[in-house]
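The structure under discussion appears below in the form of structure tokens.
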Amino acid sequence: MLIAGCMVTLVGCSSGRTTANALTLSGSTSVSPFAEHLGELYQKQHAGIAINVQSLGSSAGIQAAIQGVAEIGMSSRDLKTEESAKLDQLVIARDALAVVVHPSNQVSNLTQQQVKDIFAGKIVNWREVGGDDARITLVAREAGSGTFAAFEELVLKGIPVTHAALRQGSNGAIRQVVAEDAHAIGYISLGIVDASVRALAIDSIQPTQLEVIAGHYKFVRKFLFVWTKGKPPGTLAQAFIDYVMSEDGQAEFEKLGLIRAS
Amino acid sequence: MTPRRVQSAVFVVIWLAALLTLLTLAVIIGAIIVRGLPMVSLEFLTRAPEDLGRQGGILPTIAGTVLLGVIALIIAVPVGVGAAIYLTEYTREGRLTAIIRFGTESLAGVPSIIFGLFGFIFFVTTLKMGWSILAGALTLAVMVLPTIIRTTEEAILTVPYSYRDTGYSLGATRWEMVRTTVLPTALPGIVTGIILAFGRAVSETAAVIFTAGTALNLPTSLFSPVRTMAVHFYILAVEGISLDKAYATGTVLILTILAINVVANILVRRVSRKVGR
Amino acid sequence: MKERLIQAVLFICGLFAVVALALITVFIFQAGAPLVARIGLADFLFNANWDPTAKKPSFGIFAMLVGSIWLTAGALLIGVPLGLAVTVFMTDLAPVRLVTIMRPAIQLLAGIPSVIYGFIGLTLLAPLVRRLFGGPGLSVLTGAIVLGVMILPTVISISEDSIRAVPVALRQGALALGATRWQMLSRIVLPAAKSGIVASVILGMGRALGETMAVIMMIGNSLNLPGSVLDAATTLTSNIGLEMAYASGQHREALFATGVVLFVLIMALNSITNAFVKRNRSGRRA
């Protein structure tokens, strides 16, 4: 009886999930840390408001936005045709992909061809690219992740990553593994690069915000917010989007290592 | 080698195995607590995390953990205890109980990732609950149900038959007898099961991450997404956000589990003393 | 009247577990089976090429099956001998005081969250393996050692029950014939407890096969067929855990289908254990 009662009440409220002072963003693990940061700042400025950021992956975020489970989806990959038919999208920032190694690694520059060969499994020893005589530990993202798709498209140009590569579920996890293993190489969002790893120059161009803005460093992808087509995502969502796109929001992204949307 | 020599050699190996096991436990707990405990403070427990958890405390994750666990139990305990009463007091072993037992045993063996997949596609997506306390709690409730059924059954079975006979001879109906005699006697055993089930809910990750989400805010309703301590620990550690905070969170987790085990053990000891085993 | 109502409510409670199991089966199969039907079970199981998002996607889980088998076998190789030794220690060797320490310790081992185990594997064991043996450290070996410890409580608690259930008369008889305690244990007691021990091993196998988060943290998740225990690998569970969040369309179906395979394996193991335990139980009652 008690249970039946509970069930009825629960089902009863399920329609009223989205409250006026809570916003759910869900999606890309690459975008999440940055969205969460801005969410925290926004919450500090607006008491009583909750910005919930679900770090689940681009595809999950896109699905969530389509199904209305989240007001805003976050994606670090381009929408597929069938997805963009159902969703409106907005570029909130751009992000460079950096190829990172252990700080002790002798190698500081690779050509794009070398990066391709390493991730395709053709070059397996650091000696072959001017480093120590040691087997390369490859660390990549898993299929489906926006970073994985962006890396395959921008850097590998369609050559698949070898199955021998270790796979980790997020930028942070790759950084963690590379920071621990002297012979590792991986790719992560430029905004995530810190002192525990070293970002390599590609064709002698350093992955920095300046080089990206100047158009020299080419491995750049977009971070997207998406929401159900034609339907504004609600006042709070709109207010948060406005904040993210404002000078303050964009400057904050820049401070964190991202590149402004435009 | 004489049989005696063989025996001595084998027994030495067995002693070493036992000591190795204790040592492993000590290393696991020690490795977390030694680095984590100095960073656990009242502030850590009562403040919200900042900067993705690099700063501040873990209050929302404690709230998330407790809420998920408690709500899961509110759902699972009546059902589980009811099922156990049915199995022990209301029916003879037969085809029906065999089916129920098969269901319970099988459910107990289902890996948590499967519960996660199920919870995600059933509660989160099909019933449109979203990633929420409710979806997470319902998933956990299904997961801990076998634990509750089994421990309750065992507790009820330790109640001597003479108690029941006394009840009946006083003219009690079956339910009156169960309510006034069997359940009170079995209560400590049942509570032990509930506490252990809570422990299982606290330490769960795979089933929770797909159903309750990862949001770091204090929940405001049953439909808020939450991040539990175990999930927070996982994210801090794997993403390399802050190892210090990961150790501190891990310490709180381990101490919680430790406390749960201690309480459960005290209860078990009280029960076995009463029953005189 | 009231009695009947109560009986009906309790009956419904009893059915809950069965209903839940049925729901899980239906929903997982519904989400995963269509893909298997499309590409064929044999291709799904025995193709080692997992490229779910390629232009021409390929959904073969053979590498993960092999990874799961390696890891589970490794965990059993470590967990079963250790677990049985600890069990015999507790039933026959340990002073009573020590048993009162061992039992809660084993319980605690069972209660420690799997993410903590994974973390220990990631931060303590993997670097050690890397330094001692080379390779990435995140490997089958690292995973197997930690999983071996994780299944200890399962192995111990069930085999302990069955060893304690061996009639004292059997023990006394053996000793009276002049056997040493070890001879009595190895030739009389352990064989008599065999079905319970086998059940404990199968349950441990299920636990190892189903573990997810700890495995993701420890075994590197590479899609290669492991050539040695020092190589990284992926398991059925870790691949679901790793990719689920990102998957859509066919890719997601393929992950649910992986779940179906896992579920079927686990249910098969459950049924075997149930058969063993039942035999054990009825033996004890007689």
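Letters A, B and C mark the chains as written, and numbering starts fresh at 1 in each.
One rule holds for everything that comes next: a residue touches a chain if its C-beta (ideal position, glycine included) is under 8 Å from a C-beta of that chain, and two chains touch if they have at least 3 such contacts.
None of these values were measured; they are calculated from a predicted model.
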Most distant chain from subunit C, judged by the mean position of its C-alpha atoms: A
Of A-C and B-C, pair with higher C-beta contact tally: B-C
Cα-centroid distance, subunit A relative to subunit B, in whole angstrom: 34
Distance from subunit C to subunit B - Cα centre to Cα centre, in angstrom: 18
Subunit A and subunit C: spacing of chain centres that average the CA atoms, whole Å: 34
Where subunit B touches two or more other chains at once, by residue number: 78-79, 238
Shared-contact residues (touching 2 or more other chains) in subunit C: 9, 245
Per-residue multi-chain contacts in subunit A, two or more chains: 56, 168-169
Complex contact set, residues of subunit B against subunit C: 3-4, 6-7, 10-11, 13-15, 17-18, 20-22, 24-25, 27-29, 31-32, 78-83, 85-87, 90, 99-100, 102-107, 109-118, 120-122, 126, 142, 145-146, 149, 173-175, 196, 199, 202-206, 210, 230, 233-234, 237-238, 246, 250, 253-254, 257-258, 260-262, 264-265
Residue numbers on subunit A that touch subunit B, as the complex places them: 2-3, 6, 10, 13-14, 17, 19, 22, 24, 26, 33, 36-37, 40, 50-56, 67, 69-70, 168-173, 175-176, 179, 196
Subunit A-touching residues of subunit C, taken from the complex the two chains share: 9, 50-54, 63, 126-127, 130, 134-138, 216, 220-224, 232, 234, 242-243, 245-248, 251-252
Touch list for subunit B against partner subunit A, complex: 50-52, 74-75, 78-79, 124-125, 127-132, 134, 213-218, 220-225, 235, 238-241
Parts of subunit A lying in touch with subunit C, wherever the complex brings them together: 1, 29, 56-60, 62-63, 135, 137, 142-146, 148-149, 160, 163-169, 177, 180-181, 184
